[in-house]
Amino acid sequence: MNGATTQGFYDSDVVIEFDDHKDLLQYMPAYWREYFAQSDFEGPRANGVHGLPRTAISKFKSRLYQGGLAGYVSAFNSGYATRFRPDGVVFNPLYNIESIRHPDLSAVLATAVNDWMHDHLLTASGHSLFSIVVSPHYPDAAAAEIRRVAARGRAAQVILPACTAIPLGNRINRPIFEAAAEFGLPVALQATGYNGNPPTSSGWYTYFVEEFAGLKLTLESQLMSLITEGVLAEFEQLKVVLLDSGVTWLPSYAWRFDKEWRGMRRDVPWVTKPPSEYIREQVFCTVTGVDLPESVDEFRACFDELDLSKSLLFASRYPYCHSPDTVESLIPSFVDQVFGTAALVENTRQLYWKYHSRSVRGS
Amino acid sequence: MKSISDTSERAEMIRRPVFTVLGPLSQFPERTVRTFTLDEMSVGIVCANGEVFGFINRCPHQGGPVCEGELSGSIESRRAGEYNYDPQALVLRCPWHGWEFRLTDGTCTIPRHNVKIPRLKVQATRLDVLRREAESSGATLAFAHDCGNLPEGIMVVALRQHLPSHA
Amino acid sequence: MNNHDYIIDCDIHPTFGKHDYARLAQRYLPKAWQAYAIEYGQNVVSHSIGSHFPRIHPNSARFDAWPPNGDVPGSDYDFMKLQHFDRWKTKYCIINPLTLLVHPRNYGFANAVAHALNEWVIETWLAKDDHLRSSISIAYEDPTASVREIERYSGDPRFVSICFVTRTFEPLGNSKYWPIYEICESKGLPFGIHFGGYSGWPLTGAGFPSYYIEDHCGMAQSMQAHVISMVMEGVFERFPKLQVVLLEGGMMWLPSLMWRLDRCWRAMRSEVPHLKEPPSFYIRRNVWLTTQPIEEPKKLSSWKTFVEQLNMPGRIMYASDYPHWDFDSPEKIEEIFTVVGRDFARDILGANAERLYRFEAGKPLRTGTEAVVQS
């Protein structure tokens, strides 16, 4: 095998985009199939997400998605899977369902995506898993969907967007985390999304590049919310995964957060540990989209005080990786040099597959 | 009645304990911290829950005047929305960045933060009792500057320390 | 520490006392605006006044900063002198008169108030103490009028910068604000961005937070958005001598933000062809940091790492934020940065600000920012 470890090669982030809902129609009730056709409903992807021009999406789609989603699976199998032979991948759907305001349609679409992934992805590559997509805006429906899908097995985690109407830690959203925790599933935050709020406290940027760069700020707010609102305190075993987040902002963020918490515990008395401890123990980051300095020594120094060696996850973010030759070259070389591919693969296996090796159903 | 600021006698006093009368108990309202400067050392004294507490007036965080902060009850919680408030378990909150210290022992309430504000020995006692104790133990009896003439038998708040004593 | 009259405090906040509003109105507001103020009060965007949650400390002030005369913290000169200027023997202090009055949506009112505020600062503070300096208050959402206001005071050497806030109606790279940058550059006036303001938007795309700690901690996110915006929109390409000071936004996030912006720029360069250099180049040339509120890693060595990664020698300046509760003492700042070097620490406390603001230079036209850029 191509991996640098005898324990197998596991990839925490392979992206599948659900743009064309034709493949999903078979998973929807007749009422919606008819309504879609007659209203020419375009679906969530027409709403766009922060930081990503529509043209970027269509560039990949033209190459990979010929024949729709089946085309993607075929391209994945013949390309990435054949070349690297992973023992398992986590498929993360890119589908900004949070942009759908209609509560019932939102639920129907989530169900359709989750069912399609269950039916089509699990044999794609080794022991693959997929992430459960739900809308964060209807927490009760989201919780029900999490339970339904998780009970069938082979779900890696729940995936949520960073850009939401209300911060994810808000008590309104508790049912989502209760359901995830009940099944021992992590919750992943994608550095993307859209639901009405501009990305800055001064409204909207002008350029995509600004929005894309600024996504890390929204992730920072979400992580802060999950800690201050007591989600990570209440669900001590719950893990949060930050996808494509940048990573190197985490230490300085932790010091600021710790400092503020020390003087403002009256505000949030249920946060009984320094925020950096919740981060160390319960927060993971995938290693794509890492904001890297110019030297490996500078990169190594970032983690001198905040040890993330157990918190970083091997990830390719296929198809957004650039023609790598080896498994190691799927991740930035500084990351490989400082942490080691084998260690990151093991972190990934522990987080997602250790659970599933105990309780896989229907694999 | 001798003022402790008389430095010519300092050398003689150094090995002897000093009882400094800070004022009559009536001038220490419940849960109100009063600060004093004694030989360039700032201290804070407060009466609460039937006891008298004294601390060095310097926060271990950035050196702020911790004794000029507020007293509050303590809050504990295990989950969001839960407030277990104990108005008797008082904490002193530094006026700068809000670090909290338990009144009972000066320890910081921040988890994983093993710091404290040093405590001082301080008590409320009758002046005549204090005099007798000073006499029998060889301690110096001193009076803070604005004490005024205190009648015997009155309850006073007194600081018990050795000189020099900077924490 | 030794008090050697070298400390320059880049951020203090004198405040209106109980009677100052009335005095300000009567002395400096035209009668029509006085009547308006009584009838309508402030006109800020409704989501952002700031009482959505308790803020731990009354008036956001240090609890020991309430003056004995019973007025609000920051309103009493004598007490501020005793507690802050004399305590630290400050050489200069720069006033940033934050007040919500300059952010109302009624621009006529905002401009009248900005002018009144500048006159108030002169009479109540600058005239009393020649070690005080101030930023010029402007109704920044009305750039045309702001330029006029800056013109009015730019010849007065006691006004050493301009005061903006982070919660503006547009990100600060937006071309709307460029007339202000143009005059700042031409007059050699540094441009300060201070946390605060009333845009009505939540801090980020996550939505409105529930607790003050999130709002306060979120200053860092708020400030970073403007760094992103100013760089990517080409403010520093268009105004290469403009110097921007980040106030009360923290510091330690800047190295990783520079790396991120460089990475994003490399990937999406064709969208912003007006940028001739990587983002980090502009940041290192045009941006200054202030220390407050200082982050507090456990290891002092993390500060050494930060300084090395930042690679912006001489561009960190001390700010106290007196009388606010998140005030940092010069003692603490010196202790922290002595791990890098004693001279380095002392430069943060004074010399770096001296180079930027050129307090000793008197009243010349401040085109000497070339010296700042090269140092």
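Going by the order they are written in, the chains are A, B and C; count residues from 1 in each one.
FYI, a residue touches a chain if its C-beta (ideal position, glycine included) is under 8 Å from a C-beta of that chain, and two chains touch if they have at least 3 such contacts.
Nothing here was measured: the structure is a model prediction, and the numbers come from that model.
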| item | value |
| --- | --- |
| Result of counting contacting C-beta pairs for A-B and B-C, higher pair | A-B |
| Chain whose Cα centroid lies nearest the overall Cα centroid | C |
| Mean-CA-position distance for subunit C and subunit A (Å) | 37 |
| Whole-Å gap separating subunit B and subunit C, where each centre is the average of the chain's CA atoms | 39 |
| Intercentroid distance (Cα basis), subunit B paired with subunit A, Å | 54 |
| Junction residues of subunit B - those touching two or more other chains | 93, 97-98 |
| Set of subunit A residues in contact with two or more other chains | 229, 262-264, 266, 268 |
| Interface hub residues of subunit C, defined as touching at least two other chains | 56, 325-326 |
| Subunit A residues within the subunit B interface of the complex | 171, 229-230, 233-234, 262-266, 268-270, 272-274, 277 |
| Parts of subunit B lying in touch with subunit C, wherever the complex brings them together | 62-65, 68-70, 93, 95-98 |
| Subunit A contact footprint on subunit C (complex, rising order) | 53-54, 56, 166-174, 197, 199, 201-214, 216-218, 220-222, 224-226, 228-229, 232-233, 250, 252-253, 255-257, 259-261, 263-265, 267-268, 271-272, 293-299, 301-302, 305-306, 308-309, 325-326 |
| Contacting residues of subunit A [partner subunit C, same complex] | 50, 162-170, 193-194, 197-210, 212-218, 220-222, 224-225, 228-229, 246, 248-249, 251-253, 255-264, 266-268, 291-293, 298, 301-302, 304-305 |
| In the complex with subunit A, residue positions of subunit B that touch it | 61, 72, 75-83, 93-94, 97-100, 109-113 |
